[in-house]
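Dropping the structures in below, format is structure tokens.
Okay, so chain A shows up in both of these, paired with chain B first and chain C after.
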Partner chain A sequence: MPISVKVIHRPEPESTSYLRAALSGMALTFRHMVNPVKVTQQYPEEQTELHPRWRGTHVMEQHADGRPKCVACGLCPTVCPANCIRLVGGEDDQGNRYPIVYEIDEFRCIFCGMCQEVCPVEAIHVGRHFENAEYTRARFVYDLDRLMEQDHPSTNLWDPSDPTGE
Partner chain B sequence: MEPISGIWAYVAMSLKATGIFTVVILVVAYTTLAERRVSAWIQDRRGPNRVGPFGLLQPIADGIKNILKEETLPATASRFFFVLAPILVLVPSMVTFAVIPIAAPLPTPAGVVDMVIADLPIGILYVLAFSSLAVYGVVLGGWASNNKYAFLGGMRASAQMVSYEVALGLSLITVLMMAGNVTLTEIVWQQQQLGMWFAFPLSLAFILFVISAFAETNRLPFDMAEAESELVTGYHTEYSAMKFSAFMISEFGHMVTSSALMATLFLGGWDLPGTWDDAHWYQGQLIAGFAADGSVILANPAWWKTLLTFAGFAAKTGFFLVVYIWVRWTLPRFRYDQVMSLGWKVMLPTALAYVMLIAGTILVLDEIGVPWGFGYGLALTAVSGMATFAFMFALDRGRTITGAAAQRGQRVEVKTTPTATARAGS
Partner chain C sequence: MSTAPTTVTLTIDGQTVTVPKGMTILEAAKTIGTKVPHYCYHPGLTSPAMCRLCLVEVEGAPKPQPSCVTTVADGQVVKTESDKALGNRRGVLEFYLVNHPLDCPICDMSGECDLQNYVHEEGREHGRGAEPKRVFGRDDFGGDVLFYGDRCVMCTRCVRFMSEVEKDERLTVVERGNRSVIDTFFEEGLEGTHWHGNIVDICPVGALVSKDFLHKARAWDLAHTPSVCASCSQGCNVDLHTRDNGVQRVKPRENLDVNGWWMCDHGRHDYEWMNRGDRIEAPLVRQADGSARAVAWKDALGALLARSRELEGRGVKAVVSPRASNEDLGALAELVGALGGGEIVYRSERAAEEIVLEGFPTLARRKDLAPNVKGAQLLGIHRVGSDDATGGLDAVRAHDGIVVVLGDALEDADERFGSSAALYVYIGTHAAEGAKSAHFVLPVTTHAEQEGTFTNHEGRVQRFWPALTPPGMARPAWLVLGALVAELSGEPVPRTAAEAFAALAEAVPAFGGLDYGTLGARGAVAQLPAAATRG
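Then we have the complex of A and B:
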């Protein structure tokens, strides 16, 4: 069954010079060949400066004596939309709550930063860091010690009372 | 100065053969790198720069990768021809270099060594014969793959190569008329005697030859055989690992060989400006030219002359290689009908007319007794310049290479068909 065809008439220039067009194209590429605009970032050697609000690998803040600041209140696993935080809280002799198990699965994490936002004692933070490649999937589950070992700067979250970050 | 002879001639011959072959292979390898780097610069990228300093070890990494990859053989492929095709493509692209002189003769204690593997008396005919052999590999590879895209690529390659071989051969005829011989050493010698390279007195032949050589090597804008956007990758769609690599090596080998050929035929080969490096075997003597009374002037070969002329030859060949890459990353692919119409309707008549023109001019110049030399060359340069200008003028008027819009008159008009509702009612 034949279909209806709409014929679109192209503009017909009187005479098209493909020779001159080709030569001007050659000139253009020659200019780029001898003087290339090198926009590619040479990644491992040249590092991008991450923005202050970049949300990457987590950091657990710690007290001066090496204890985690976390009080195991359970707010971060509750608020976490990706359900990537596993927290088992405990209590010591003085009645201080502390995390017995604190694990973040960096594969499941969506880096929304809500754990940092919700934390009442500013213990868990997302950080300005993204190079966390590993050889096995199991290595992406960061336990408490590993979260405390992270030494990159943590993220400055957006503050509604200071919207421009001053 | 005696030519080298006896046992030393065989030693020199094998040294030259291995040496030149190694250099050609290396140049081919580094042309692949140059292609990737230059294309990157043209597109404002960096290109491969990770393997070794400036990416200089990239060809080796590519080679290792291709050797270690799995060879696939399509179940429906014709096994014998499938394996034969890469060999058939690879060999002709390499052996053509044998007749191209690469430098001035080198004096050794045992005698003077010609810097050419084999100074065959049939010279350019040997090159033509082998360069057209390569198309068999392409067609066989496309056919034996039992893949319709590969087959289409092979078909296109054969049609295109046959078409442009004609223009290539015809533009060569002018060179042969000027040189009076088909030996490549003689062609270089005649350019030295003329005092100018054939690119000037035979400018239109030079342009036609360059265009045909682009088509013969299946490079953009004539890469109908590959045509990634239309035919997957054309004739080598089904090839993998080292067999694919053989096709790539042969493509670049053709580039290197035809660049060297263009340099030899039209840019004087290893000749450098001035008469200091002129050398040619004439009646068993290495001469630099003829004195006014017809007696010979003996040449004085030296190792530094050989080295300098080799650098000159390498520079000329490199220039054409860069042009190849530069054109490839600038111009879009021709449509198939444009390739055919350019080949048969433009290149062939132009080359034929130009052969007649040059033949007539040479006849006239010989009749009025202009001596073979700079004045002879200037007269031909003027005639060729006018011919080239006329050719360019005609090409530029949009009468020959045109876009789709200008060819509307040739197309079949689409008739307006009744609408669906009208048909349903009837």
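Then we have the complex of A and C:
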């Protein structure tokens, strides 16, 4: 196949006027100034509504008495593809298995949500939240207390009324 | 003499198999790699055929046969995977789940549980039981054992272990039907027995769990490394279960020649020392001002060689620990020889009496509480000191030549130990008070961090494998000592434990004929001189 060459005719310098193009551009700009349809969102004064399946930083659910719901079964560190969960299990004074150490490195986390999916007691959840700025890197390792303090809503990975997606 | 054939030929799942007469179908199926699910059967115990899970279809038999007690017969046609056998197992498994709590997430057995495995493989996908489950709660059986009655499948392996193998009936089944539960007779439960850890191993589900291991790690997180128990000279074959570079628990490894399927509780719980943090991590060389400086291996060994060449012929007195491997001790003996000869002694703890496992009398917790006492004896090293591994070092303390300590923690020595020696070399794993006057402190690995062999009380040479990463610059003692010997004698440095063992086999007649490669995981018996054999 022969190579086709497109010859571009450049405007001659000094003999071409750009006035028409400039005016049509300005017209578009001024039209948008009076356009009632708003596109720009005034964040942070206006908050974005996150989707129900948004997967952000984690939340640990707790019992009414403030104990974490986690039973330290070890499934989330096992399933975690980023290996970002550290768990040390133990026994509390009532003989229940509970996490002595539960840490999630949110920097290492890839927010796949598999920890929430695998949890047998629906304790760990990914959250609908994205504002995570901190002053130090160390603050991104969330320990158990920090995970229980998180008050943002947790993600619905599936429809509660139709858990198997049928 | 009978002329009856000693083998029978039968068909299992379409495969023809020839096995010795009198074998059970279950064992015969194992020989061709077919594992028939079972709970109550254990090769080390009698078979009551009460779990009803190993039922297989035998052509001609009116009903499914329990394969753990049905012996093989000529021409028998066994089907373990037929619709009838599978349907039977599915039904039995469903009954097991009627009262099983399904608390797998918090159960320590999860991941290595036979009920979990079998139900996953062959059970129903969804349970049909709507009735409430019976609840027993948790019971402390004493010793190291916790009992979760709800999880129990009533296989009675634990009851049979206590009555048939340990021969100390502490457990029994109380009540009948679905209220039946394992219980202890008296308040003390299993307290005071020496082998009860085995009932945790043989429990097919999470009914009996170890207090020591409770909630510590998940079964699938643990790496298993074959090793040899270092708590006495019996040399039980064990697996070290490790996670995060620490030993989490010790489990017996089957070896019918040594320990069967069992091990004692003393050995089972004697592993924390392998995880100790106060290790010597770099070679330390004493400076002129008395301080110790950490240096590179090359510099430490170079300085040590230069000093020992100056002192050649002044005589060597060496103290070793029988926790060191054959290769380590052999390399030390060579070094002592290369330095002009001397005396090597060992100290080790001795218990007052043996604790014999009644139902498996070749297994006992031996009097010598170190794994390689026989190995040291075969190398001509003799014992000094008392039964608690103290004393006996007066000659070493007063020696003014070369003093070498390998592995002995010198717990009864003060910081002045070895100060009269012209050259004192401490080769050890953990920081010790008695090493404070040493001119050279060389860090070596524990047996959990290196490859090597131990010789048990009957002269069986058994291999162990490294389970942990050694700290810092610690190296196996056979490598450190081998490098010194190589410099002194001009022989090549042993690069592997196998080469170190080959050198040992060449030098010491008792180990002659043994080959590291063929020792395998079962070990081989050394050629014991008649005098060294003891009952």
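Basically, the second predicted complex is superposed on the first by the 120 of 166 C-alpha atoms of A that agree within 3 Å, B and C clash if a C-alpha of one lies under 4 Å from a C-alpha of the other, contacts with A are read in each partner's own complex, and residues count from 1 in each chain.
By definition in this document, contacts are C-beta pairs under 8 Å (C-beta built on N, C-alpha and C of every residue); 3 or more make two chains touch, one makes a residue touch a chain.
Remember, predicted model here, so these are calculated numbers, not experimental data.
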Is A:Val7 in contact with chain B, with chain C, with both, or with neither (first, second, both, neither)?
first
In the superposed arrangement, does chain B or chain C reach more residues of chain A?
B
Partner chain in contact with A:Thr40 - chain B first, chain C second, else both or neither
first
What is the contact status of A:Met26 with respect to chain B (first) and chain C (second): first, second, both, or neither?
first
Give one of first, second, both or neither to describe whether A:Tyr18 is in contact with chain B, with chain C, with both, or with none.
first
Under the stated touch criterion, which partner chain does A:Pro120 make contact with: chain B (first), chain C (second), both, or neither?
second
Complex contacts: residues of chain C adjacent to chain A:
104-106, 110, 138, 214-218, 220-221
Quick check: in the complex, which residue numbers of chain B touch chain A?
38, 40-46, 326-327, 329-331, 392, 395-399, 401-406, 408, 414, 416-417, 419-420
If you look only at chain A, which of its residues touch chain B in the complex?
2-5, 7, 10-13, 15-20, 22, 25-26, 28-30, 32-34, 36-40, 42
Considering only the defined contacts, which chain A positions touch chain C in the complex?
71-75, 78, 89-91, 95-97, 120-121
